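Please go over the structures that come below.
One chain, chain A, appears in both complexes that follow, with chain B as partner in the first and chain C in the second.
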Partner chain A sequence: MDVPSGFRQSSGKKKKASKSQNRPQLFEDTSVNPSSGFQQTDAYYPPQHHDPMAMQGGGYGMPQNQFPGQQYMNDPMANMAVQYGTSLAGQGKEMMNKNLEKYVSASKIKYYFAVDTAYVGKKLALLTFPFTHSDWSIRYNEDEPIAPRYDHNAPDLYIPVMAFVTYILTAGFVLGTQDRFTPEQLGIQASSALVWIIIEVLAMTLSLYVMNMNTELKYLDTLAYCGYKYVGMIMSLLAGLLLKNNGYYSVLLWYSLCIVFFLIRTLRVKILPHQHDGFTSGSKRSLYLILTISVVQPLMMWWLTSHIMFQTKK
Partner chain B sequence: MAISLYSLIEAAILCLNAVCVLHEQRFLAKIGWGMDQRGFGEDPGVKTQILNLIRSIRTVVRFPLIPINIAVIAFKLILG
Partner chain C sequence: MAVLNPLKSADHTIMQDTDLAGPLVFCLAFGASLMLSGKLHFGYIYGIGVVGCLAMYMLLNLMSMTGVSVGCITSVLGYCLLPMIVLSFFSVIMSLQGIVGMVFTIATVLWCSISASKLFVSALAMDKQQLLVAYPCALVYGVFALLTVF
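Presenting the complex of A and B:
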C-alpha cells in the first residue's frame, strides 16, 4: 500500500489530469471524484486481485474503454514507460534499417517485387514461348529502369522466388511418388538449390567484373535471370510425373531452348550497347560471355532435376 | 548431389586461403603477375583485372581470415 501511494505522490499533477478522463471500470462510473486515492491503488495492483470485479466492471465500462487493460494506460508512469519503449523500438528499427541498407537496400528490392498479374502472365508466356516476341528493349525513366508493372521486359524477383519455392515443393512431391520422401529431403533440396544459385550468381558477377564489362547488370538482376530457369524445371518435373521419361526429357529440352533464347535476347540488350568506349574487342568477349551463361543454364536445369527424377545409384 | 550451405562456406574459405597465400614477391613477380606489370591504359584487359582482384582480395581478407581459420580448425578438431 505504501509503495503505490509513494508513486502517486511523485506524479500528483499528472494524476489529476488523467483522473478526470476515464476511470477504470473496476467501480461504477463515479470517476469525476478526484479525491479517491483508493481508486488509484487499484490501477497499480496486478489484476489477479481484482479479476472478478474487473470482469463485472469491464462489462459495465466497455462503452467507454476498448479493452480491460486500459487502466494501465491511465498511469503516467506506465504511459511514459510505454512511450519510451515505443520510441526505443523505433530507434532500434531505424538503426537496423540503416545498417542493412548498406548491404541489401530495401527500396531496390521493392522495385523487383512491383509486379502485377498481367506482368506475371506475360512473363510466364514469354518463358514458355519467347520466339515470337520482337521487342526486347527495356524502357528507362531517366536512367533508371521502370517498374516491372509497366514494362514487360524488365526483370523481377517475384517469379524466381515463387518458382524456387514451387520447385522445392514439386521436388518433394515427385520424391514422394517414388517413395523416397522424408521431411529432411525438403531441407536438403532447398539448401542444395540455394547453394547452386549462390554459386551461379557469384560466377556471373565475377566473370562480368573480370571481363571489365561496364554494364548496368546489378547482382539482383543476375539473381533474377538465374532464377527464371526454375519455371522450366518445375514444368519438366511435372511432365516427368505424368509421362515418365519421354515427357521429362522433351519438356526439359523445350524449356532449355526457351531459356537459352530468352537469356541471349535479354542479355544482349543489357550488356552489349554499353560499349561506348570504342574498343571493339569488348563486344566479342561479351558475346562469348552471353553464350556461356546461356548454355550453362540448361546444364544446370538438367543437373538439378535429374537426381530427383531418377534414382541415383547407391 | 546434395551440397549444403556449410560446404559452400568451407569451399569459400579454402578458395580465399588459396588466393591469400600467393606471395607478391616470391611468386607472382617470378611469373609475371606482379604489381609492376600492371599497365595504366584505357583498356585494362583481363589479366590486369585478375591481378587487381587478387591484390584486393589479399588486402581485405588477410586479416579476418586468421581468426576464421583458427575457428574452423578448432571446430573440425572438436567435432570431427
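Presenting the complex of A and C:
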C-alpha cells in the first residue's frame, strides 16, 4: 500500500489516505481478483499523477465487462470522494440553514404575511383616516406574535412590501408621462428607495438600542412601520399626476399628518408601557424618540417623491 | 382556456400538469410583437419575467399554508400573459398613450391578473385572499404593460 497512499498524499486528500487502508473491508468484491488488480495498476501511478481514474479504469478493464462509468464507481477512491462530497454538502446546507434561521426565520416572517382582504382593507382605511380609531392596543397571546388576520392593530409586512413595489412602478409611470422613462430608471429608483429603507430601519433600531429601552419592537415590526408611509407616497404621486402641483402638495400634507398620527399612536402603545422601572426621564425620552421618528417620516416622504414629480432643477 | 375566461371558476386540478413550453412560446410572441413596433426588449422581458416569477414564488410560499413550486408559478404566469400579447399587437396599430389606450391597458392588466389569481387561489386553497394575490400579479403585468406602452 505504499505507492497508492503516496499518490493520494500528493493529490492532497489526506483523509483518503487513512481510509484507504480499510479498502478491502468496505467494498464487495466486484472485480475478478482485486489484489492482483491493485498490483497491476500500481505501476501506473508514478508516471501519471494527473489522470489516475482513467488509468485505473484501464487497469480494471480486462476482468469486467461493465461500462466505464460503473468502473469509475467501483474505484474506492472515487466512492470515497462521492460520499465525502455529499456529506460535506449536506453539512454545509444544514449549517447555512441554521445560521440563516437566526436572522431571517421563515416561520416568523410567515406571521407577518398571514393577512386577508378584510385586514388589508381596514389597514388601508386606517392609514388614510386614523383619527377616529380609538383602541390601538395589540392583543398578544402567550408572548407570541399574533397573526394580523385576527387583530387589526398588528403590523404586517404585506402592505409595506406591496406599497414599496407599487411606489417604484408608480414612479416609473410618472416618469413615463414626463418622457423621462427608461427601464434602467426602474432599477435606479428601486435601489435608491431600498437603501433609504435600510438606513431608516437601522437608524430606528440603533436609536432604540442606544436609548436603552426594552421594547417588544422587533426589527421586522420596524420595517413594517417604515413601510407604511409608502402608501401615502403612492397616493400623493397619483394625485400629483391628476391634479398637478396643488393636488400633489395637498395629498402629501394630508398623508403626512395621517402617518404622524398613526405612528405616534401605535408606537406609544408599543414603547411606553414597558418603562416600569420608575424612570420618569425614561418615559420622556421615549416620547421624544417617538416624536422624532414620526416627524422624520413626512420629511422622507417629501424627499423621495419630489425628485420624481418635478424636473431636476438643481 | 381557463385563462381566457376570467369570470368562470377554475378547478384545482388544473395546476397539476405544469408545462413550461406554453409560457416560453408566449414570451417569445410578446417579444416579437413588441419588436414589430420598434422596441427590442427581449432582455427586459426575460429579466422581468424571472424577477416576477421569483417574487411571486416567495410571496405565495409565505402567504399560503401549502407551498408551491417555481414551475407551477412560471406556467400560470406565462399562460396568463396571453391578453398582454393581444395588447401589444394593438399597440402596433395605434399608439397607447391616449385615454383609449390607457383604458385598454388597464383592462388588459386586470384581465391577466384576475385570471392568474383565480388559478392560484383555486390551486392553493387560500380563502379570502384572491384580491391579495391579484394585486402582485397586477404589479407584474403592470411592468409588462409599462414596457408595451412606453
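One rule holds in what follows: the second predicted complex is superposed on the first by the 217 of 314 C-alpha atoms of A that agree within 3 Å, B and C clash if a C-alpha of one lies under 4 Å from a C-alpha of the other, contacts with A are read in each partner's own complex, and residues count from 1 in each chain.
FYI, a residue touches a chain if its C-beta (ideal position, glycine included) is under 8 Å from a C-beta of that chain, and two chains touch if they have at least 3 such contacts.
Quantities reported herein were computed from a predicted structural model and do not represent experimental measurements.
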{"item": "Superposed partners chain B and chain C on chain A - clash or fit", "value": "fit"}
{"item": "Greater residue coverage of chain A in the superposed arrangement, chain B or chain C", "value": "C"}
{"item": "Touching partner for A:M162 - first (chain B), second (chain C), both, neither", "value": "second"}
{"item": "Which superposed partner A:M96 touches (first chain B, second chain C, both, neither)", "value": "neither"}
{"item": "Touching partner for A:A114 - first (chain B), second (chain C), both, neither", "value": "second"}
{"item": "Touching partner for A:L299 - first (chain B), second (chain C), both, neither", "value": "neither"}
{"item": "Contacts of A:A81 with chain B and chain C, given as first, second, both or neither", "value": "neither"}
{"item": "Chain B versus chain C - smallest C-alpha distance in the overlay, whole Å", "value": "18"}
{"item": "Residues of chain B defined as touching chain A within the complex", "value": "1-5, 7-8, 42-46, 49-50, 53"}
{"item": "Residues on chain A engaged by chain B in the complex (per definition of touch)", "value": "188-189, 191-192, 194-196, 198-199, 209-212, 277, 279, 281, 307"}
{"item": "Chain A residues touching chain C - in the complex, by the definition given at the top", "value": "106, 109-110, 113-118, 120, 158, 161-162, 165-166, 169, 172-173, 176, 181, 183, 186"}
{"item": "Contact footprint of chain A on chain C as seen in their complex", "value": "41, 44, 55, 59, 62-63, 127-132, 135-136, 139, 142-143, 146-147, 149-150"}
